[in-house]
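Below you'll find the structures, each written out as structure tokens.
In what comes next, chain A is part of two complexes: it sits with chain B in the first one and with chain C in the second one.
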Partner chain A sequence: MEYILTMGVLISIFVILASSYNLVIGYGGLASVAHPIFYALGAYGASLLAIHTGIPAPLAIVFGGLVAVVASVLLALSALRVSGDYLLIASLGFQLGILQVIKNFEFTGGAGGLSAIPTTITGPLRTPLFLLICLSCAVATVWLVSSIVHGPYGRAITAMRDEELAFSALGRNAMSIKVVVFAIGCGIAGIAGGLYAFYFQYVSPEQYEVLQSAAILTMVVLGGMGTTWGPVVGAILLIAVPQGITFLNLPPSVMAPLQGIIFTTLVLIFLFVRPAGLVGNIGKTKSAQDQKALPEAAGKGGAP
Partner chain B sequence: MMPTLRVQGVHKAFGGIVVADDINLDIDKGEILGLIGPNGAGKTSLFNLISGVVRPDAGEIYLEGKPITGQPLYRRARSGVARTWQNMMLFSSMTVLENLLIAPRHYPGESMADLVLGWGRVAAAEAAARERALTILERLDLGHAASLQVTDLPFGHQKLVGLARALMNDGALLLLDEPMAGVEGAAYETMQRAVREEAASGRAVCVVEHNVSFIKDLCNSAVFMSYGRILETGSVDKLLASKTLTDLYFGV
Partner chain C sequence: MTDPIVLLQILWTGVATSLSFVLLTVAFSLTQKVTGLWNFAQAGFMGLSFYVMYWVLNDLQLPLAVAVSAGAAAAAGAGYVTEVVGLDTLRARKSGNLTFFIFTLILAEFIIYWLALLFGTEPQTLFKSILSPVHIVGGIAVSNWDLTAFAITAVMVTALWLFLGWTKQGQCIVAVSDNAKLAELYGISAKRAYRMVAMIAGLFICAGMYLVGSRGGVTPNSPMELVLTATIATLLGGMGRVFMGALAAVVLAVIQSFSVLFISARWQALLLYIFLFVTIVLFPRGIRLPRRRIAGPPARPTPVIPTEAAQKG
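Take a look at the complex of A and B:
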């Protein structure tokens, strides 16, 4: 039971990560790969503050989110100023650089990781309560991302992605939209980091390597980039399936490569068969229906 | 009294290619100025300089007496420079109405602070923008197309959407880059009427166009450009009567 609840916590945290990453890359069109480093900054920021000052966990988690926001704004202001594509390289460099800093400083616990993160909830209800908190945060994230992209702000984001020059020439500040979208997405990742740190009470730098970037990206792509539910489906699948095969009682020599093979195969299959992702396909059917309805609508209009 | 648009001594070169060589230009309220010349003459570049896509190397641009040369692209639009594009640059994944809703000069819905703190204001602005957009579409005979995907419209109607989107900006200056290219029939008439109405309502309009009869019908005066320079200014008839200019234009 404990195991399943812990899986629930982990899935919730990855729903938060994938959903916020989807805001950045799927909706915002900002090609950053550094999402895990903002997750790390949130985790380390919250942990270190809690360890050294003993402030309550919720405040520490918010602080972790703010650290991620500040870092993301600094990265965005430098990388987006030149041109969008530079963000890919700059974000990768940023991620590797911060990881080196974390690995080499003593106060971050170095390569061995940071333990002794204060206990927040004790007793038999610890895991269910954490699950409840993480699940609420996941629901809040999905709701927040969805309401951002479905309002006037989302319309502006879409227009910016379609034709940035025309968008700017209509009086819209593309740079500010990019920075804000990036900061919100990365800030949410920071909060996920804080949640993780207080639940598992141990963080280590290798959780935030480029491999993790690939995992989160896969969740978004597999589920459906630029859709509300895609990242949710992707996160659930990509956490649950690898965990599921551990029950097959295979020898470790088979198990370890098998997980990697399943990951890669899934990505390849999806790229060929469903490039819009699992959920993305639903959107496609809908637009196909719209297309069918179109001649009728145009006919009714009485074109001049 | 300053004209609506004053371009004063504007110069711009990309490497060795001079696209604007000491350009001086005034457009008054209510005037429709034609900008003609062969391909590569620097007409679109001049639009880019005025609207802020590129900054001039030298010279000053004034809108209603205020210098706007230092303003970035989006600020100039807010100052009142509305423009269309040769290749339209519509937001292809959106409907016609959505394309227009992006375009009001001032819009609180794009600010996070307003979205969180001023829901009422955003909703009011949204409603006002929607009403304005539908009125403009109605005026351009596009009322029936409001909810259609913009890429599903015939080419001529897409051109009209490009104009409609620019008209959402109620600024003092309207720059039209080849509004007639590929437009014919009813859409042609609509475009012509709309441009006339905009000028009559007090805007300064500048049109880049290869369709000479359109320029002749519409423009009070015209400017002939070649190799980044203004060769001649005057009535359209006078420009077309000049053999040097027509030779340049038609490449004889």
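Take a look at the complex of A and C:
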């Protein structure tokens, strides 16, 4: 039972991550893959503050979110000058560079990771309470993202994404919208990082490597980019299914790669079978889905 | 001031070390030039090629030539199959850049997980010993590995240059990289060019991984760092300029080698990412050297190919 509740916590955290990333990439059209680094900054920011000052966990988590916001604004102001593939790779460089910094500093625990994160909730109800908190945060995130994108500001965001030149010609500041969308999405990721750190009480740099970028991106794309429920479905599916083999009691040297193989196989299958995502274009014919596939949602151009 | 011999040694070692990166960068950059793709799946092909060579050499105990042939066949074959089964399908669907990015990255991870499952995560080397006999030339230590690396790189890069410039197939590849649609109008198959490039890249990947694996340990995850280095060199050299990318790989490795004089070795990796970030933000089209103006007759105007619409108009 404890295991299932822990899975619930993990799924809720990834729903927060995927939904916030959907705001950045799906609605904002900002092809950054650095989302895990803001998740990491939130986790490390909250943990270090709690370890060194002993402030309550909720405040530390909010601080973690603020650290992610500040970092995202710094990245946005420099890297959002470029777009498409360039932004994708610049964000990857930013992510790996910050990870390298985290790995090399002693106060962050180095490559071995940061442990001894204070316990905030103790007793037998710890996991159910954490699940409740994380689930509430996940619901709040989905609601917040949905409210933003379905309101007047959301229409401005999608207009900027679809036709930036025309948007700017109307006198609107595309850059400020990009920075705000990016900061909101990354700030939410930072809060997810704080939640993760206080529940699992251990964070390490390897949890935020390139594979994590691919995982979160995949949850959004396979669930349905630019849809409210797509990232939720993607997160649930891609976290829950690979965990199914945990009950086989395989040795860790087999379990970890096997879970990875299941995860990547699922992604490859869905990428070809349902290119528009599990939630995207429900009710449309297959040929219409194929035509729509991803080019519009995932940015203009595409390979030849 | 540091002894000049020490500086020369660092320079030599830096250049020799860069040669494996040069081969991997040529593979990555050539693919990017012709297909327009950042093919991160090459990280998987690198791992596959290395572990096939390792398996044939150490488990099957077959000669080196057989191992290298098997490694080359594995990388070239994987590239070809990926083109035919995966990338062609995505192109036919007119998928977006992100789809290609996800596909290549996830495919790389898929292969890496299989390699981790089959061979474990401990570092492996191609040969039992990675010590190479050393000769002292003018006070500089030159190992047999260095000489092998220079020979392999020189032969392969020259062969590619000759192939692209002097053979019909090579010129077809260049034509597709310049303008695939126009090339197809002239009867050149873009698909064929993409597949050929995938196989050529496989040969370079195998050569690069032979050098990497004969000098140090390789884990299933190592190729991901190698492909990122290739990405940075490709960007620094300027997209579409394969041989400049190779030169950028040398420059990067030399800078990293010299950085030990100023910063701790553990921060060396950070330099690469700073280069990557700064290059994209400040030099998204690569670093271009100013061209010297040569006196001579005025340049001829570029011929304009009339478009279909203009002809109709």
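By definition in this document, the second predicted complex is superposed on the first by the 266 of 304 C-alpha atoms of A that agree within 3 Å, B and C clash if a C-alpha of one lies under 4 Å from a C-alpha of the other, contacts with A are read in each partner's own complex, and residues count from 1 in each chain.
The rule we apply is simple: a residue touches a chain if its C-beta (ideal position, glycine included) is under 8 Å from a C-beta of that chain, and two chains touch if they have at least 3 such contacts.
These numbers were taken from a predicted model, which means no experiment stands behind them.
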Touched partner set for A:Gly123, first chain B, second chain C, both or neither: neither
First (chain B), second (chain C), both or neither touched by A:Asn173: first
Chain A residues touched by each partner, larger count belonging to chain B or chain C: C
Which of chain B and chain C A:Gly54 touches, first, second, both or neither: neither
Touched partner set for A:Thr158, first chain B, second chain C, both or neither: first
Chain A residues contacted in one complex by chain B, in the other by chain C: 290-291, 294, 297-298, 300-304
For the chain C and chain A complex, residues of the former touching the latter: 35-38, 87, 89-91, 93-103, 105-107, 109-110, 112-114, 116-117, 120-121, 180-181, 190, 224, 228, 231-232, 235, 266-267, 269-270, 273-274, 276-277, 280-281, 284
Interfacial residue positions of chain A with respect to chain C in the complex: 25, 31, 33, 78-79, 81-82, 84-86, 88-90, 92-94, 96-97, 100-101, 104, 210-211, 214, 217-218, 221, 253-254, 256-258, 260-261, 264-265, 267-268, 271-272, 275, 290-291, 293-304
Touching residues (chain side chain B, partner chain A) in the complex: 51-53, 72-75, 77-78, 83, 85, 89-94, 98-99, 101-107, 109-110, 112, 115, 122, 126, 141, 143-145, 147-149, 152, 157, 165, 168-169, 186-187, 190
Complex contacts: residues of chain A adjacent to chain B: 151-153, 155-156, 158-159, 161-163, 165-174, 177, 180, 184, 290-291, 294, 297-298, 300-304
